[in-house]
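Presented sequentially are two complexes of chain A, the first with chain B as partner and the second with chain C.
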Partner chain A sequence: MAYRADYYAGLINTLILIFVNIAIWKAIYGEDGSYDGVQLKIVLTYIVLGFLMQSFFIMDDYFIQNKITNGLISTDLLKPISFRLLVFSYSIGASGFKIIMNLVPAIIISLLFFEFLPPFSVSMFILFILSLCLGYLVLYCLNFIVWLTAFWFYQTFSLVTIKDALIAVLSGALIPLWFMPTWLYNFIKLTPFDSIYYIPITIYLGQTPSNEIMTCLLKQVLWIVLLTVIGHFIWKAATKKLVVQGG
Partner chain B sequence: MEQIKAYKKIELLKILFVFFKMNLKSMLEYKFDRFFIALAIFVREMVSIVVMFLILTRFVTIGGWTMHEMFFLYSFLFLSYSIFVFFFTGIRDFDDMVYQGTLDRYLIRPLGLMFQVVAARVDFAAILGHGTVGILLFTYSCKAVGIVWDFKSVTYYISALIGGAIIQAALFMISSCFSFWTIRTVNLRNLIFFNCRRFAGYPISFYPGLVQKLLIFVVPFAFVSYFPAQYFIRKPDLDMFWNGYLYLTPLVGAAMFVLVYIFWRAGLKRYSSAGN
Partner chain C sequence: MPIIEVSNLTKDYKLNVRKKGLLGSIQSLIIPEYKMKRAVEKISFTIEKGDMVGFIGPNGAGKSTTVKMLTGILTPTDGEINILGMSPSKQRKKIATKIGVVFGQRTQLWWDLPVSDTFDLLKSIYRISDSAYKKNMEMFNELLGLKEFITQPVRQLSLGQRMRADIAASLVHNPDIILFDEPTIGLDVIAKEKIREFIKVVNKEKNTTMLFTTHDMMDIEKTCKRMIIIDHGTIIYDGTVNEIKEKHGKKRTIVAEFAQNINNIILPEGVEITEEADNKKHMQFNRDEVQVSEVISYLTSKYNILDLTIKEPEIESIIREIYEGGIDYDKTVSGDSEEVISEQLGVSR
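Right, the complex of A and B next:
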C-alpha cells in the first residue's frame, strides 16, 4: 500500500462523480420521476453502472509510450514473449487490481447509498457479464491502436486525451444514448463506441429485446476482430519504423 | 553590510516582461506540439459541455435553468480558471518547484520569492484550451440571459472573474504550502479541486444542503460560478441563500489570499531544501 493516497483518490473520485450525476439527473426529472416514459430509476442505474464500469475500464495510456521513450522496448522485443501479449496482460492485470480494490468497495457503497436497480433477470446478468468482457476488449483494441501512434509521435498526450473525450461522449458512458438526437444515435450505432458501455448496460437493464441481444453481442465480437486486424497492420508498420533513441 | 537596494516598480515590470517572453519563446519552440496540447485540453473540457448540451436539447431545462443560463454559469469557471493560470501558473506548479529544487535557485536571487514563483511560468496551452471554452460559452450565452452592460455590471463582472481566479489560486497555494513541511498533497489537491469544480459547473441549488455548505464555506467554489452568475440572472432558487453572498466574491478572494500569504510566510520560515 505504498500509494495509499492514490488508491483512496480513485475510489473517492468514482463516488463523487456518481454523486454529482445523480444530483443532476434528479434535478432534470424534478418531482414526478418520469419523462418520456423512461423512469428516473432506470436512468440512475444506468449512470451508476456507467461510472462503476469506468472505474476499472481506465487503462494505462502511456505504457507503450514510456517503453519507447526510455528505450526498454528494445529489450522487450528481444524477449521470447510477444510484446502485444505483454501489453495485454499488463492491462488485464491492472484492471483486475482495480476490480478488487476500487470496484468492490464502490459497489458496496453504491448499493447502500444510491438508488440502484438489480439486474433485469439472472440470464440477463450472465449476458451482461459476457457483454461487459467484450466491451472491455473493444475498448482495449481501440486503445491499442491509439497507443501505437507513440511509435511515430513520441508524445501522445494530445491524441490520447482526444480519444478519451470521444469515448466519453459517444460510448454512452456519461449519458444514455437513447437521449441523443436520432441522427447522432444512428451514427454511433455504426461506430465501435456503443459496444463499450451502452450495449452491456442496456442488457443489464433489460432494455434490449431478447431477440436482439445476440445481434448486439455479435456486433461487439465483429468490432473486436476488425480492430484487432487494423491493430495488427499498424503494429507491423510500427515495428519496422521503430527508432530507439540512444545506444 | 550593504543593504541591497529594492527594485523599482518599473524594473519589476521589465523583469516580468522578460520572463513572459522567455515562456513564449519556449512554447514556440514546439509550436506544433503545444498547439495540439491546447487542442486536446479544449476537447477534454468540451466533453462536459457537450453532455450538458445533449441533455438540454432533450429536456429543455434542468431545475428551471435553460441552456443559456447553464452555459453562462459554466463560463465563469473556465474564464476565471484561465485568468488564474495566466497569472499564477507558478502557484499551480509550486509543488514541483520544491521537489525539483528550483525553489532554491529562486531563493538566492535578489528578488521577491512570490514574485519569481508567479512570474517564472506561464502555461499557454492550458490558457488557450480553457480560455477558448470560456469565451465560446460566454459569447453564446451572454446576449440570451439578458445582461444590461452598464458601468455597474461591467465592474461587477470583472471583479467577480478576478475574485474567482484568486479563490482558485488560494486553494492551490494552500495545498502547495504543505510541501514546505514535506507533505505531498498533489493528489489530494487535484481530487478536491477538480471535483469541486465539477460540482460548481451546475447550480449548487441542485445539491443536498451539506454539499452546498461545503461549496460556500469550505471550498468556496460557489463564489466562483454560482453567485456571480446569479447576480445577473436571478433565478428563483437564489432564495435558498442569503442575498449578500452575491457581492462577496472579491472579499472571499481577498480574505483567502491574506490567509494563504500568512501560511506561506510561516512555511517559508520552516523550509529546508529538498537537498541531496
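Right, the complex of A and C next:
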C-alpha cells in the first residue's frame, strides 16, 4: 500500500511539474507565441521532454550513504562482486522500473494533453536515444562521485542538494540553455552539465546541425570517460578510508 | 606454509573530538579537532590450514577490526596480511571467494527475501556448481535444520534461526577459511551448543581453517585448542587453551562442609580461607606449593567433614584476571606459537 501511494504520488508529481512549467512559459510568451526568435512550441516540447527525462533520470542519492551509515556495506564488500557494478546495476534497475511505471504513463498523458512536437526526423530520434543513454551515463558518473563523498562526510544531504541545484540550472533541465547569457552558455559548454539534458533534447528538436551531432556525442563520451576515471580514483581512496560503523 | 600470515598489523582510526554544548558544537564545526586512536598495534600471528583458533579480548580490544582487515573490508594503516598468498585489501574479490565470514551482530542475508532465495543468490554470486551446492544444502539441512524455516523471509526469523542461516550462508561456497565474529552472541545454551557442534563437524570434514572471536569462553574451550588474547590492540597471549590453564590456573579451592562450626581453624601453611558460610569453608592454595592430598588428609584427620569438593579455576575467571591485569603475562615463556601449533596438530607439517 505504502509503495503504491508513493508510486501514484511520483506520477502525479511529474505531471503537475510539467503542467506548471508549461503555464509559466506560456505566460512569458504572451500572445504572439514567439520570443527571441524561438517558437513557443519548441520551448514547450523542450520542457515536457526535460521533465519526462527527469522522471527516470532521478537516482537514489543515498544508496551508498545508507550502506555506510548502517554498516551494511561490509556485507557487500564480503562478496566476490564489484561494489561499483552493484551500485550501477541498482541504478539501472531502478531507472528501468521508472521507465515502465512512470515514463510510459507520463508520455501517454503528455501526448494527449500537452502540445508536443514529434522528433525532427527518424534518424534524429535514433541519435536522440543514443545521446539520451550517454546523458544518463554522464549523470550517473557525476552522481557516483558525489555519492562517494559519504565515505568521508557520512551525511551528504547538503552536497546532494547543491548537486541537484547545479544540474537543474546548468544542464538545461528547467530552462533551455539558449536563454542563458552568452558568457554563462559558453561556460556551461565546458562543463559536463549540458551533456545530461541539453544535448539529447536539442538533437531531438533538430536544433543541433547534423555536422555537429557527432562532436556532441563525442563530448558526452569524453565526459563519461573522464568522470569514470575520477570516480575510480575517489573510489580507491574511499575504500582506504572506510570505517565500518557499529560492531 | 601458513594459510594466514599477519605481521606487524596496525590500524589507526581518526576520531572527531566533539565538544560539549552549543558553543562546543560551533567550535568543532569551525576548527575540527581530531584524535588518532590506535585500534590495533603491530600484531603478528600465523594460522595453519585446518586450525581452529580463538581470538578473544575485552570489548574494544581490536578483535573486530582485525577480522575486518583480514577480509579486506578495512585497509590496514601499516603491516601485512597474507591469506593464501594474497593481500586482502588489494585482492578483495579474489579472497572473498576463499573465505566465509559470519558477523554475529549483523546478518548477511537479504532481509526481505526468503532464506532459500538468499542461498540461490549466493549460488550464482559465488558460481557454485549444482552438485556442490546440493551436497552442501543437504549437509546444512541435516546439521542445522534449515528446512524448518527456509521459506520464511529473513526478517521473520528468530535470532537462533537467523544465526544458523547466516553460518550456512558463509559456508555454502566451501571457503578455505571462515572468520567468525561473535557467532554465538545472544543465543541460548542449546542453540550455542548446536552451532559449536556444527562448526566442529565442518572443521573435521572439510579441514576448514577457522578463526573465532567471542566473549563466551565456552565457545573457545569446546572448539579451539589454540587461542590468541588481544587487549588494547596488542597480542598478550598466543598459545593453547590448556597451557593458559596450566600456567595461570594454579589456584585450587577446597570447599569443605564440617560437622560443626569451627571458629578458629588451624590450617597448613599456604592455605587460606576465602569464604565462610555456616559450616562451609572455601580454602584456597597454590597447587605448586601445597599438595592437594596433604590438605585433604590434614583436614580429615583433624576435623569431622561431611562433604568435600575441589575446584579448579575456570578459564573464564583466568581470562577475567588477565583482562584486569591481575596476571602479569610473561611473553617470553609461551610466545612461541610455532611450538604450540605443532603440539596442537600432533602431526609433522
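One rule holds in what follows: the second predicted complex is superposed on the first by the 245 of 247 C-alpha atoms of A that agree within 3 Å, B and C clash if a C-alpha of one lies under 4 Å from a C-alpha of the other, contacts with A are read in each partner's own complex, and residues count from 1 in each chain.
One rule holds for everything that comes next: a residue touches a chain if its C-beta (ideal position, glycine included) is under 8 Å from a C-beta of that chain, and two chains touch if they have at least 3 such contacts.
As the structure is a computational prediction, the values presented were derived from the model and not from experiment.
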(message) With both complexes superposed on chain A, which partner does A:Lys240 reach: first (chain B), second (chain C), both or neither?
(response) second
(request) May I ask you to decide whether A:Ala23 touches chain B, chain C, both, or neither, giving the answer as first, second, both or neither? (result) first
(message) Going by the contact rule set out at the top, does A:Phe157 touch chain B (first), chain C (second), both, or neither?
(response) first
(message) For A:Gln39, using the defined touch cut-off, is the partner it touches chain B, chain C, both, or neither? Pick first, second, both or neither.
(response) neither
(request) For A:Leu72, decide between first (touching chain B), second (touching chain C), both and neither. (result) second
(request) Using the superposition described at the top, determine whether chain B or chain C touches more residues of chain A. (result) B
(request) Share the list of chain A residues that count as touching for chain B in one structure and for chain C in the other. (result) none
(message) So in the complex, the part of chain A that touches chain C is made up of which residues?
(response) 71-75, 77-82, 239-240, 242-244, 246-247
(message) List the residues on chain A that touch chain B in their complex, please.
(response) 5-6, 9, 12-13, 16-17, 20, 23-24, 26-28, 30, 35, 155, 157-159, 161-162, 164-165, 168-169, 174-175, 179-181
(message) Could you list, by residue number, the parts of chain B that touch chain A in their complex?
(response) 33, 36-37, 39-41, 43-44, 46-47, 50-51, 54-55, 57-59, 62-63, 187-188, 190-191, 195, 198-199, 202, 206-208, 211
(request) Please name which positions on chain C make contact with chain A in the complex. (result) 13, 64, 68, 71-75, 89, 92-94, 96-97, 101, 103, 105-108, 125-126, 181
